[in-house]
Structure formats: structure tokens, C-alpha cells
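In the two complexes that follow, chain A is the common piece, with chain B as its partner first and chain C second.
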Partner chain A sequence: MNGGRSKRLREKSVFKIVGIVLLMVLVGLMFTIVDRLPVIGNPDSAPNRHVSDYYIEEGPELTHSPNLVTGVLADFRGFDTLLETTVMFLAGVSVAMILSNRLKRHWDAGIFRKDENFGGYEVKVIMPILIPVIIVYAFYVLMHGEVSLGGGFQAGALLAMAFMLYIMFADLGKNKFRITQHFTVCVAACGVFIYFLTGFLCMINGGRFLEYEALPFSAEHGAELHATGILMIETGVTIGVMATIITILEAVVERNSLNGRS
Partner chain B sequence: MSNMIISNLPVLVVLLPLAGALFCPVISYFSRRAGRLTVIAFAGTSFVLSVVQLLRITDVGKISYHFGGWEPPFGIEFSLDSLSAVLLVLISGTGFVSTIYSLPFFRGKSRFRSFGYYSVLSLLICGLLGMTSTGDVFNLYVFLEITSLSGYALIAMGGDKGVLSSFRYLMIGTIGASFYLLGIAFIYGETGTLNMYDMSGLVGPVLSSGTTMVAMAFFVVGFGIKMALFPLHGWQPAAYTNAHPGAAPLIAGVMGKVPAYAMLRFFFYVFNANTQYVERFLVVVGIMSALGMIYGSLKAIRQTDFRSMLAYSSIAQIGYVGLGIAITGYYGLMGAVIHIIGHSMMKSCLFFCSGAIRYRYGETAMERFGQIYRKMPVTCAAIVIAALSMVGVPPLAGFFSKWYLALGAANMGEYIFIFVLVISSLLNAVYFFRLFENMFMNKNVADGSKGIGAYLAVKAEKKAERDSVPFKEMAATKEGYKGRLEIPPAMLFAVIVSALGIILAGLFNAQLVEILGPAIREVV
Partner chain C sequence: MDAVNIFLAEKGIYMLTVILFFLGMFGMAVCGNYMKKLICMNIMQVAVIFFFLCLGEKDGGTIPVAMEGAAGADDYVNPLPHALMLTAIVVSLGTSGVGLALLMRIKEKFGSIEEEDIIEKEKGEEADEQHDYQ
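Up next is the complex of A and B:
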């Protein structure tokens, strides 16, 4: 019995050594080709000649977005972004499912405030001023999304941060947010659905999925519809990301408060 | 309206399950049952549309769908030929049946569990469908991400052990996905495009460069991890064994096959497999697969748990697909594709049955299956059909893939592969006949009394002990199933449909080959 166990241990350590050696070989392989990768900024390298040229030369005009990154992210490859938003939603649902084994528990911010002096007066005075500013800035990032770098993901993160700060510092005895994880997951689903709907409207109106020029709104130029479409999907992304972050946070806090009690 | 549906078929097939996943939480707020039925309805619609799409592709040939109206190398493309259309029908069909099959597990479960499971299951279907239909390498990665994440969640929902095996899978699977992403980055650095068709045109001159070779090595490792090819299979047995019983058929049956299909796409449709550089990698894949076929079968013989036997058997069976890819040639590829289709059906059917037995008796250990055919005749008949098909008995689906693989290996003069194929099939027969022995001949169960009925009396005594276990997922088994049929009708439907699928895929094999033929002939 004892001999068998030590033999098994020895086998395991052999596997470990083999694994480490193989890993080293793969890492070595990666290093051998580092100098063969295209140089950054080299106009003759393959990535800069083929697709990128088209994006740079035609992109701003075709997508009506002065920002190249937004044009590629939300328009040329908008379908990828829909799926990335779905990944966020999926992560939120999964974390909530795995971490929660009980229901109908609400935010218990008490774990943040075990220490009476948590935050202190300065923070408690500053936060009511800061939180509205954060929310306003989040809307600015969202609305400015199709013009400048940025957009839905950042705006969603900012809104979620405002929510978190409010929960941590506000006097919850008086005005309690009664938000369940189910509710936040529903909000996240609505956010992703806004994105999905943008694509679907284009389809119903005779275009392809996410072909913004087929959106059923009136506009002088087709290009203006691109801006509308990008704004719509960014709104969806914002809501989805915000709700997902709150879901994950709520699941983690719920789990912690359960651990504390049991 | 119908015109809109026809012209947007590819995107509707993939995104309807996504829409179902988004509606489910909101509708579950009002009615749990309606939430579940929404997902089933959307998955069913997707299945119907995928059949329509297959018929259309056999009529008009390939379909290419440009997202946002951008031309392919600049936008994202779904490109569908008869090969991917057949697999789409398979995936959406298995997904649809799985959603129905899962219903009894959630009777009386909390609103939160019910909608969470169904949303994630629906997203898994969406991810698998997307990986099959996409024609863009980065889009494939995003769908791979959706597939993996929902897979992790569904495995973790299988209870305490599920969480642990899911965590292992998460670690290894993330490494696999990173390898694939790095591979994309390298290949993009060489060709400057992400579109598969465009890349196949541009990759020719750079095929011999070191960067491309490393990218190909990374693709082999990345897809190898995701499909659990032999030395990279570490996560697979525990994950398949401990997955939620409702999702296990889809996870074990389809989730491992789609990366195999993606590997086939890469080697034959993006890179030209007939050049010497790619052939070297195919040799490696072939050796890995051949070793896996022997190793998986040997390990499967040692298992006592039905589910883990099936999981190890999957390692062997994915080897058949890898072998077909390595053999190349028309027959080799045909064997690989038919094995992807056939084995998906067989493994889903076996996992449907194992979940059904577990639902009724809470048992998965094979030595406890004594005389079970008296209590569950239909389920046992389905197990027999699927197992015979796995062994390779002629009129069933499993025979034809082995036939094509052997034919391909003989054509290419790779007789060692035929030898491995025969050995592995014999080992298959060993462990499945051991299962039959337990089911039909074993009169004794572990405690010395007779048959599973007597065993249940002993089990009832242990019930209180089990009830105290937290995280008990299987509420139904605690009460014991009381119904007129052997298992709930939703489960019986899934078992019968999957068994019928195996028989039909065998009987109409000639038609299947005829449909797949043009897509495969194009690359050999």
C-alpha cells in the first residue's frame, strides 16, 4: 500500500517534469519567432498592406465615425462586439449561478462597515458630490463614444462604480436598494438585447444583420444612420456591462456574508 | 417576411438560441415554466431553420453571409457549405433535444436555478453553432469563448465535484484558448487578414516561414486541448463525469467535436494540407490520435462508473476523428466527418441514458445495474443500440466511419492505422460487453441481495444520510420517481430520438455521404 502510493507519487512527479519541459519548449518556440514578427509601424508589413489600408482610407467616410477604432470595433466587426457583450452577460449569469446557493438575500453592505470609522467624514462628505459627477461622466463617455475613443464598456464600468460607491457609503438604513441578482441579470439581458435588436431591426428592414444603413429611421445620409446605430449598440453595451458588474459583485458579497454567518 | 428569413438564414440559426437565452431570465420573472419553454421554442426554431438551410445548400451550393453588408475580408463572414450545414443540423438538433431532456431536472427548482441553467445551455448551443458556421478566424475565437464559458458553468452546476472539475477545465481550457489566440496573432502578422477564405489564398507563399509553423503548432495544441486529444486530455474525464446530467449529453457529445471540426477546417480549408509543411503536423496529430485510441480504451475498461467509462471512451473516439484528419484523402476526411456526426449521436444517447438512470435511481456505478432492463426496457434498448454502434456493428452509424477510416488508411498505405483501429474497436467491445453483462446477467448487487429493486430498499436506509449533504442537485432522486412511464416523458423522448438518430444515420449513410461529398472533394 505504502509502496504503491510512493510509486504513484513518483509517477506524478515524472509527469510534472515532462510537462515543465514541454512548456519550456513551447516558450522557446515563441521566443525564436519574436524577431520574425512584423516591426511596429513598418508600412510594408503584411498586416499594414491588406485590410488595414482599407480601414484607414475608407473607414471614416463609410462608417461616419471620426474615430478609426470605434469604426472597426462597432461597425466593421460589430458582430464580434455583440458576442463579446454576450460573453459579459454569460460571465455574470455563471458567477451568480456558481456562487449563490441561496436566494432572496439582498445587499448586505454591513461587511464593508464592520469598522465604525470606515471611510471617515471626509469620504462621507465627498461621495455625494463625487457620485453624480461619475454618473455624468459615464454618460459623456457613452454619448461621445462614436466620436472619440471609448464607449459602452467604459461607461458601463463607470456606472457600476457609481452604484458600488453609493452602496458602500450611503446610509442604507433609510433608503435601501432592494436589488436581487435575478433583477440585475434581467437588466443585463435587456442590455444585450438592445444590441441584438439593433441588428434585428436592420434585418427586418431588408438589410443584413447590423447593416446600419438599413435602420428604419429617417436620415439625410445613410452615413448618419451609422452614428445612430453605433450609439444604439453602445447603449446596449453600457447597460449590459453595468448590470453584469453589479451581478458579479452582488454574488461575491452575498457569498461572503453567508460565510460570515455560518 | 419569408424572403427575409431565407436571405438571413445563417444568422437566424445561430442567433435564435442567443435570443432565447436573453428572453429566458426576463420571462422567468413571471413564470419559471414559461422561461424554460421559451428556450425550448427558440432552440426548436433554430433546428427547423437549420434543416431548411441544409435543404437550400443542397440546392444552390455554398452560402456566404456578410455581416453589416461589408465585403468579406473587411467585415465578418459566415460561410456555409454542405459540411457545416450538416453539422449545424446535428448541433441544433442535439441542443433542442437536450433542452427538452433537462425539463424534469428543474421541476420545482428555484426560479434562479431554472433560468440560469437554461440561459447558459442556450448560449452553449449558440456558441457551438457559431463556431461551425463562421468563416472568420477571430469570430471563431469569440464563439469558442462563449462555448467554453458556458461549458465551465454547466459543468460547475453538477454539484461539488462539478465545481472542482470545472475549475480544472477552466485553467486548462483557458490555456488552450490562449494558444489559439496567439496562433491567430502570428498568422495575422504573416498574412494581414482574418477571413478564412482570404487567408487560404494569401498563406501559400508564407507557409514555410517559421511564424506560420509556430502558429500551426499552436493551433494543434489549442484545438487539441479543447477536443481532448490524447496527451492534452487531462481535464476531460472529470469534466464529462461531473457535468450537470441535463447538459452532459451536449457537452460530451458535441462540445468536443466542434473544435475537431475547426481543426479540420484549418488544416484543409485554410492551409493546404497537401504541402509537406502541413503534412508534418498531420503526422503528429496522427500519432497523438493513435496513442489516444489505445489509451482511452484501456482506461475505459478500468472504470467502474458508467459516466467516467463513457468519458474515457470519448478520448479514444476523438482519436478516430484525429486519425481521419491525419490520414487525409477523400476517405480519411469522410471517415473523420462521419465519425464526428455518428459519435456525437452515440455519446449523447449514452449520456441521455446514464442521466435517465441517475434520475430514477441516483446510481451511476455499473455494478449496481443488475437486471435494470426489467425496470427500464426502453432506456436499456437505447444503450444497447448506441453501444453496438460504438463497437461498429454494421447497420448502425458507428460502422461506416470505421469503414471509411480503414478504407482511407488502406488507400494511403498506412497499415499501422488499420491495426490501431481494429485493436481499439476490440477494446471498445470489451468494455461495452462488460456493461451488457452488468445490465442483463448480473443477478447480484453489491450488498448481496438481488436486482436493482432490492438494492433500492437498502438505499432508502441511506437516504437520510444523503439528504444532509448540501448542494444536492438531484432533488428528484431523493423522492424517487413515481410515474407511469419508466422515466419522465421528456427524457424518454430524448432517449428514443437519439437512438433513432443512430439507426437513421446508419441506414441513410449513402445519402449523407452524397451530401457531404462535394464539400470534401473540394480540398482533396
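Up next is the complex of A and C:
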């Protein structure tokens, strides 16, 4: 038994050395092609020409969104973001499916407070001040997404962070504010559905999928419709990302609390 | 010395991202702990994100938000890599979540996330099954 273990250790160290040598060779090979990569910061390099110029020069006119990243993300590449949100939703569903095969009861949120050092009195004082600020900031990021820096993904992450802080520090025994992972999966599906719905609303008036100028709302000119469409899909993305992050958290916590007890 | 400085300023960041990428790959190949493998996968993803963001950089470019007095393509950094990597970051969050969920199941089944322990345990189970069969 002892001999076998030392033999395995020897094999493992040999494997490590071979790995290091192989990776050194690969790094050397990559260094040889560094010469062909474009110079950093060169405005005339290949990745900064072609379609990128079009996005920058025509983007604010065509999408009516001063934030070029949001314009590219939500308007020029709307399909990309649509499937992206779907992937996020599928990640949440798969986490819930992997972890919930023998769930029988809901958790009581006691898991985080077994360790008394985790949240002291300072934290309990500061959290009720901090969490509303985070939520307000998240809505600011969402609403401001197409005007200045911000967007749906960031807003969703901020909202999920506010919820995470809440379940970590708040006294849940009194407040009874609980969300189960089944509920949050449904919320994530609603977020993806809002995105799809925006796409289909554009088709009512004979437009194409995700062609915001054909949205069936009354507006003075196309710019407002673009803003409405981008805001709608950003809302969908926000809800989807927020619910997915909370789903992952809830699934892990529920499973963990069950394991702790059984 | 000047030539080296210029080369590092122009291409040095690529080398750093390459080293970071292969550091992650090395960790994924060599580490015996599945949690460390997952962290190394994240390091690889971050290296790819850095690489894309490097390509979007422009000298004298400002943030990609249209503003007064700057209309040309040279005045803003390239928004395309930023938009692509924004989604890549979110997907990396999803993959980490699924990976962590799988790790939890592995820990429940085998009582460990070390590769060696799991292999030993699987061998023991196979031996038990053969014993029962005979």
C-alpha cells in the first residue's frame, strides 16, 4: 500500500513536469505569433476598422442611444443578447435541476447565522441603510443604460447582490421574506419572456423581429421607440440575470442546509 | 533598451494574457482538486476577456459614450469587444454556477473533491461489486 502511494506520487510529479514543459513550449509558440498581432492602441489596426467604424459613426444616429456599447449590445446585436439571456436562464435551470432532486422542505435561512461572528451589530445597523441605496443605484443603472454607462446585466447583478446581503444579514425569522428556487426560476423565465415579447411586439405592425421602429406604441419619431425598445429588453435582461443569480444561491444554500441536517 | 521598451508598450500585454491563459490551463491539467480546476477555468476565461479588451484599445480614445464635439471613429475606443465581453462575463458566471453545483453533487457522492480519493473510492466500489457477483 505504501509502495503504491509513493509510486503514484512519483507518477504525479512526472506528469507535472511533463505538463510544465509542454505548456512552456505552447507559450513559446504563442510568443512567436505576437509579432503578427496588432499594436495596442493603434487606431488603424484591423480590429478597429471595418464594422467598428460604422458602429461608432452611424450608431448614435441609427440606434438613438448615446452609449455605443448598449447600442451594439441591444440594437445591432439584439439576437446575441437574446440568446445570451437564454443561456443564463438555462444555467439557472440546470443548477436547480442538479441540486434539487431530493428536496423535501424549504430552508429556514438559519444556515448563515450558525456562526455568530458572521454578522455583528455594526453590520445589522449598516445593512438597512446600504441595501436601499444599492437597489436605487441598480434602477439608476438600468434606466440610464442607453444614455450613459450602465445596462441590464449590471443592474441585475446589483439587485442580486442586494438580495444576497439581505439574506445574509437580515433577521429572517421575524420578517418571513423567503424566496424558493422554484419561484426564482419562474421569474428568470419571465425575464427571458419579456425579451422575446419585445421582439414579437415589433412584428405586429409588420416589422422584423426586434426592429424597434415598428413597435406598436404612439411616438413622435423613431428615436423614442428605440429608447422604449432598448429599455424593455434591458428590463428583461435585468430580471433574468437577477433571478438566475438568486437561483444559483438559493439552490446551493437549500442543498447545504439539507445536508447539514440529515 | 529603447527597442525593448517600445516592444513591451506595443505588444507586452499580449504576453501577459498568454501567460495568464496558460497558467489557467496548467492548473486545470495538473491540480488534483476539482475546486482548484474550476478556479483555473475562471482564470482562463479572464485571460480571454483581457485579450479581447486589448484589441479594442485606441490611443486618444475616450469611453464609448457619444458626446459633444467628438464625432469621428478615432475619438472613441472600439465598443464591439466591450459589448461581446460583457456577455462573456455573464456566461462565465453561469458556467461557474453550474460547475459549483456539480461539485456539490460530487462531494455528496464521494465525500471528497480530490481526484485521487474519488479514483480510489471508485476502485473500491468496483471491487465490492465483483465480490458480490461472485
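To be clear about the criterion, the second predicted complex is superposed on the first by the 225 of 262 C-alpha atoms of A that agree within 3 Å, B and C clash if a C-alpha of one lies under 4 Å from a C-alpha of the other, contacts with A are read in each partner's own complex, and residues count from 1 in each chain.
One rule holds for everything that comes next: a residue touches a chain if its C-beta (ideal position, glycine included) is under 8 Å from a C-beta of that chain, and two chains touch if they have at least 3 such contacts.
Just so you know, these numbers come straight off a predicted model, no measurement behind them.
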item	value
Fit or clash between chain C and chain B when superposed on chain A	fit
Touched partner set for A:Ile98, first chain B, second chain C, both or neither	both
Chain B versus chain C as contact partner of A:Met203, first or second or both or neither	first
Partner chain(s) touched by A:Asn48 [first = chain B, second = chain C, both, neither]	both
Which of chain B and chain C A:Lys7 touches, first, second, both or neither	neither
First, second, both or neither for A:Glu213, with chain B first and chain C second	first
Touched partner set for A:Glu84, first chain B, second chain C, both or neither	both
Partner chain in contact with A:Ile40 - chain B first, chain C second, else both or neither	second
Partner chain(s) touched by A:His221 [first = chain B, second = chain C, both, neither]	neither
Partner chain(s) touched by A:Leu73 [first = chain B, second = chain C, both, neither]	second
Smallest separation in angstrom, by C-alpha atoms, between chain B and chain C in the superposition	7
Shared chain A contacts, counted only where both chain B and chain C touch the same residue	26, 30, 37-38, 45, 47-48, 51-52, 55, 77, 80, 84, 87, 90-91, 94, 98
Parts of chain A lying in touch with chain B, wherever the complex brings them together	26, 29-30, 32-33, 36-38, 45-52, 54-55, 75-80, 83-84, 86-87, 89-91, 93-94, 96-98, 100-101, 103, 181-182, 185-186, 189-190, 192-193, 196, 203-204, 206-214
Interfacial residue positions of chain A with respect to chain C in the complex	8, 12, 15-16, 19-20, 23, 26-27, 30-31, 34-35, 37-43, 45, 47-48, 51-53, 55-57, 59-60, 66-69, 71-73, 77, 80-81, 84, 87-88, 90-92, 94-95, 98-99, 148-149, 151, 153, 241, 244-245, 248, 251-252, 255-256, 259
Interfacial residue positions of chain B with respect to chain A in the complex	4, 8, 11, 15, 18-19, 21-26, 28-29, 65-70, 73-76, 110-113, 115-117, 119-120, 123, 126, 130, 138-139, 142-143, 145-146, 149-150, 152-153, 156-157, 163, 182, 186, 188-194, 202, 206, 209-211, 214, 217, 221, 470-471
Residues of chain C defined as touching chain A within the complex	9-11, 13-15, 18-19, 22, 25-26, 29-30, 32, 54-61, 63-67, 71-74, 76, 78-83, 86-87, 89-91, 93-95, 97-98, 100-102, 104-105, 108, 116
